[in-house]
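Naming follows writing order (A, B and C), and every chain is counted from residue 1.
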Amino acid sequence: MAIAVVLVLLVIGSLIFHFASPWWFTPIASNWSTMDDTVILTFWVTGVVFVIVNLFLAWVVLKYRHRKGHKADYDPENKKLEWWLTIITSVGVAAMLAPGLFVWGKFVDVPDDAAIVEAVGQQWHWSFRFPGEDGELGHSDATLITPENPFGLDPDDPKGGDDVLVASPELRLPVDRPVKVLLRSKDVLHNFTVTQFRVKMDLVPGMITHLWLTPTVPGSYEILCEELCGVGHFAMRGRVVVTPPAEFDAWLAGLPTFDETQALAAADPHAGAAQYAVCAACHGAAGEGNPALNAPRLAGQEAWYLRRQIHAFRDGVRGSHERDTYGAQMRPFAAMLADDASIRDLAAYVESLPGQAKQATVAGDVDRGRRLYGTCASCHGVEGQGIWALNAPRLADMSDWYLVRQLQNFQHGVRGTHRQDFYGWQMATFADGLKNERSINDVVAYINTLDPQPALTARKD
Amino acid sequence: MAYVAIADRDVHGHDPETFFLKYIWSQDHKVIAIQYSCVAIFVGLVALVLSALMRLQLGFPDTFHFVDPSQYYQFITMHGMIMVIYLLTALFLGGFGNYLIPLMCGSRDMVFPYMNMLSFWVYLLAVIVLLASFFVPGGPTGAGWTLYPPQAVLPGTPGAGSGIILMLVSLGIFIVAFTMGGLNYVTTVLQARCQGMTLMRMPLSVWGIFMATILGLLAFPALFVSAIMMTLDGTLGTSFFMPAISSMGADPGHDGGSPLLFQHLFWFFGHPEVYIVALPAFGIVSDLLSTHARKNIFGYRMMVWAILAIGGLSFVVWAHHMYVSGMNPYFGFFFATTTLIIAIPTAIKVYNWVLTLWKGDIHLTVPMLFAIGFIFTFVHGGLTGLFLGNVTVDLPLSDSYFVVGHFHMVMGVSPILVVFGAIYHWYPKITGRMWNDRLGRIHFWLTFLGTYAIYLPMHYLGILGVPRRYYALGDTEFLPESVHTINAAITIAALVVAASVVIFLYNMIVSLWKGEKAPSNPWGATTLEWQTPDTPPKHGNWGPRLPVVHRWAYDYSVPGAPEDFTPQNVPVDARHATGTGHGEG
Amino acid sequence: MGNTAIVVALLVGIAVWFAVASRLTAKPWDNRAQDGDVGVLRASPQRIGLWVFMAVVTSLFTLFLTAYSMRMHHSVGWCHLTIPNILWVNTGILLAASLALQFAANAAGSGRREFARTALVAAGALSIGFLAGQVLAWRAVGPSLYFVQGSPAIAFFYVLTIVHGLHLVGGLYVLGRSSLRFARGAELIDLRQSLSLCATYWHFLLLVWLAVFGVLLFL
């Protein structure tokens, strides 16, 4: 008895849940509303079956429950009924399948006038590339990837020289223009998903896959990776900003081409030494840091990371949070650097500084810290040496009190909340895994024990 | 006659005498079945605990801090692999298959009892190797139960060193065990049925397990092949699946391999695998419904054909797991079509289950409650499969929580409800005792309502766009705060359901001593296993003479019969003609 | 993909035959029809078990060969393997072993003990000779593991031939047990089935070898 009532209540409850809940499609921002239509059609067909079958079940359980004197029928087969049910089911199935295949045909057939953009996925970041004036993307290969050539483009391919490179995880697209997104992975399987666009596709290393769409609504949409790609999978995010064409063109024009990135003069550490003079007052003549002045060690930190942080301070991506006192102090200093060339020279100089034996000031449980460090190692390296490919700086031998403060800043949203601070956002997500002060101290105490020298030496070979 | 000799042959010579030979190193299919079931349930409980830990992280990410991202991915991988392979497959085939096939077919044991015994011990070895991966440096693999390369063997994924290798080795060992058992199940059904037991007189439980075994024998090699090739990629540096890449800035030295090749092989196994779990459940639930409603299964022939059709079709739908994999998009048309076609025999089975209850005499026993719960949840899960099988509809939903909701409903809820119902149903025969009815009902309601409360909302999270396999959702710009509330609610429901398993275990264990002694056929069932001379059945099952079968497995409430059930081994008498009215003259 | 389709079609064909042959269209509630004839296949359980096992192994090798062909099509620089000549010799040896075992089975069936013994010994020796020849072939193809990494053709060569060899070793184990029983004076009539099944299995492994060898040669 109760079961029959419960079945009816569950059917009604499910329907109420469906119709009354706020949890429905995120508003669509692309041309693929036909996909939503196929989903809704499927809901109707399956919904009708769900209701009918279960209500019938409930009625049957009620009406034919065992009572004194009640007996069951003996009815092995009813071919006519079974054939009718088969036919009706087949019709229902075909009714769902046909529109689905029709829309799929549209997805498979990329319009000839679609613009091209390439989305490059790696553990755990996005970058993008446009074909430039010649309309064609240059040849790329995973074996060509270096810190200076992160896209792995072939310098001998003339088609690649004018490719426009977007090193940050934020892509812009013009509204109302169809675009074919070519998908390339540097390392493992990933997946490019923008929920509002509806379409998604895996990135497969060794292959170029694709999807196409026409963005129809200006706005900012998150890119989510939707194929498990390792421990940072959930933190691999990007953004697509859809703008009017004029804004898009202006943005595109401001980005470097591959040739331009390769033509940059080599960084000059000697020139950088001159730039460094003003930094030495706080960070020390040898870049060893000064805890009393809240200036961390810089010596030996990787140039690409130093460049990024200086840019971040200069542009307010870092240091503009109201509670970031020390970050705010850095901002005018970063602004003093005249241009990108100065920043590159300075960073090269600082990276070359040898650094001295450090003073450990943070105490903690090293064994517990080793276990906690496991996740960090995926990006920052088993010896804390840093991995440029993952945008993870060196941690080993750096000022431990500074590491503690940065972890706290990430946790409290003091750092990593700026819209353009994608890598900071990632760190904030990971820092949340260290729930309390004890965990932070433990992991930093463990980092203090790391010796990155072998890894760094190996890398130089 | 030939079949009598086979069914009757006491292959192992004489009855075992020592405790060791009777209960441990035993070739008796009933003992082997219980051994399989105990190990499977134990390792399933391990996976259940892992899922509780996962849900704590997902539901309350700011409160609980003992699961970090690496562990989370290791937990989801081990949870998934254990549940699908080491629990469900082992329990349905090694557990129920071993117990039921000889008894329902009227034979004394399986045809190769020594190999049958070995299959359990090899299975146990596979479990030990799998659990050992928790204790190696780097821990178990965190690549997801699908183990996709190249990430599974590359840094960045937990367990990319020893963990994945142990997993692959364990799977290889399991497949050997499965093959040894599977040869038994198939050959016994084909060759060792007792006199009068034609294939079409077999109960649907046997059909379901039989077809599932055939699927497994043909599909597991695909997993074996991919396991060998991935092991070589991970240890010897071959490039079966590994293309040229830049992994963490370094070149690991592979070239030319195809990750999609793995996916094709894996899913060529993986899709039949879900039917290896589902078909025994379909068969068993048919018998539960029939027995407890005192009515023949409706449309037995269609049910058999549907089982065969589903089994056959299951080999041509695999790439519906790969719609967004980057494979040739034109394959989408083919696989969407075959996938939606397979819905038709499945739907027929659903109709026939409900039509079995129609005009029946439904006793709402605990097994019947679980069977009804199965119908409800399987209808839900099967219908959501129609979304995911239709390639276009799948596109926005793929890799979202909609998928998680769907596969848990059809793999984790419906078959588990059947497992519970079946254990309650056959417990009196296996142990000779009855369990506590009240506790059984409490267990049913908590499980049925609890699992629905867990998985219904997940589908809507998927529609919103919440991705699966995310350690933490964090703050997004488009998902509402209420998503976190739903996650918390789902976690609470999950913890309640997990706790309710304790009630089940308590009932099953304590009833072994405290339960009332059970009659040999408490449900009045027609199938042969209830007609054994002893309860629990002794070694050799039937005493000195094998049964002789005279009728099909569903003579319930036959008009004119003295009782509302007529066991299969009761001779046909002119006065007790069939419902067609055509009696022997 | 094409091979898979062929295998699946074959399986479906077998299934249909089975369904028809087993009279799955009978109405089982109609009690008159079926007393007595249970519809078992006219073969011993051991033979059925062997056929089922051979179906599993067929599935295994078909999948390996499908993987081989898919990997080949995927690869840009597929470097074709030079087949060491010893493989031709090995093929001949395996064929001879298969024949010898068939003779042994026939001899056991017709009671010729001496001839059966000779043929059995020959089959065993030839099979071991085949395995030894395979080892020589492995050494000829690549004296070090470096070559396994270098070319997928070589990696597949090793995997296919090693898996085949392992199945032969398994067969030798069973053959060894039967030979021991023979040596200890068991009656020929008791050995007849075992030798016959071993012969069937050897013929099967020969066919598998021919398929593997053929694929390695021509693809």
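In this section, a residue touches a chain if its C-beta (ideal position, glycine included) is under 8 Å from a C-beta of that chain, and two chains touch if they have at least 3 such contacts.
Predicted model only: the values in this text are computed from it and were never measured.
Engineer: Weigh B-C against A-B on C-beta contact pairs and write down the one with more.
Structural biologist: A-B
Engineer: Comparing chain centres built from Cα atoms against the global Cα centre, which chain wins on proximity?
Structural biologist: Of the chains present, the most centrally placed is B.
Engineer: Where the centres are mean C-alpha positions, what is the separation of subunit A from subunit C, in Å?
Structural biologist: 50
Engineer: How many angstrom lie between the centres of subunit B and subunit C, each centre taken as the mean Cα position?
Structural biologist: 31
Engineer: Return the distance between the CA-based centres of subunit A and subunit B, expressed in whole Å.
Structural biologist: Centre-to-centre distance between subunit A and subunit B: 36 Å.
Engineer: Which residues belonging to subunit A are in contact with no fewer than two other chains?
Structural biologist: 76-77
Engineer: Can you list every residue of subunit C that touches 2 or more other chains, as numbers and ranges?
Structural biologist: Where subunit C meets two or more other chains at a single residue, that happens at 27, 29.
Engineer: Can you tell me which residues of subunit B touch two or more of the remaining chains?
Structural biologist: 256-258, 260, 296, 300-301, 554, 579
Engineer: Which part of subunit B faces subunit C closely enough to touch in the complex?
Structural biologist: Spelled out, the residues of subunit B in touch with subunit C are 1-3, 6, 111-112, 179, 182-184, 186-188, 190-201, 217-222, 224-226, 228-229, 232, 236-240, 253, 256-258, 260-261, 264-265, 268, 296, 300-301, 304-305, 308, 311-312, 315-316, 550-555, 572, 577-580, 582, 584.
Engineer: Give the list of subunit A residues in touch with subunit B in this complex.
Structural biologist: Residues 1, 3, 6-7, 10, 14, 17-18, 21-26, 34-36, 38-39, 42, 45-46, 49-50, 53-54, 56-57, 60-61, 64-66, 70-78, 81-82, 85-86, 89-90, 93, 96-97, 99-101, 103-105, 107-108, 122-123, 141-143, 145, 147, 152, 183, 185-189, 191, 193, 195-196, 198-207, 209, 220-222, 224-235, 372, 374-375, 378, 387-390, 429-430, 432-436, 439.
Engineer: Can you check the complex and tell me which residues of subunit B touch subunit A?
Structural biologist: 61-62, 65, 68-70, 73, 142-144, 148, 150-151, 154-158, 243-251, 256-260, 293-296, 298-302, 324-326, 329-330, 332-333, 336-337, 340-341, 343-344, 347-348, 350-352, 354-355, 357-364, 369, 372, 375-376, 379-380, 383-384, 386-387, 390-393, 395-400, 449, 452, 456-457, 460-461, 463-465, 467-474, 476-480, 482-483, 486, 554, 556-559, 564, 579
Engineer: Which part of subunit C faces subunit B closely enough to touch in the complex?
Structural biologist: Against subunit B, the touching part of subunit C is residues 1, 4, 8, 11-12, 15, 19, 22-32, 34-45, 48-49, 52-53, 55-57, 59-60, 63-64, 67, 70-71, 74-77, 145, 148-149, 152, 155, 159, 163.
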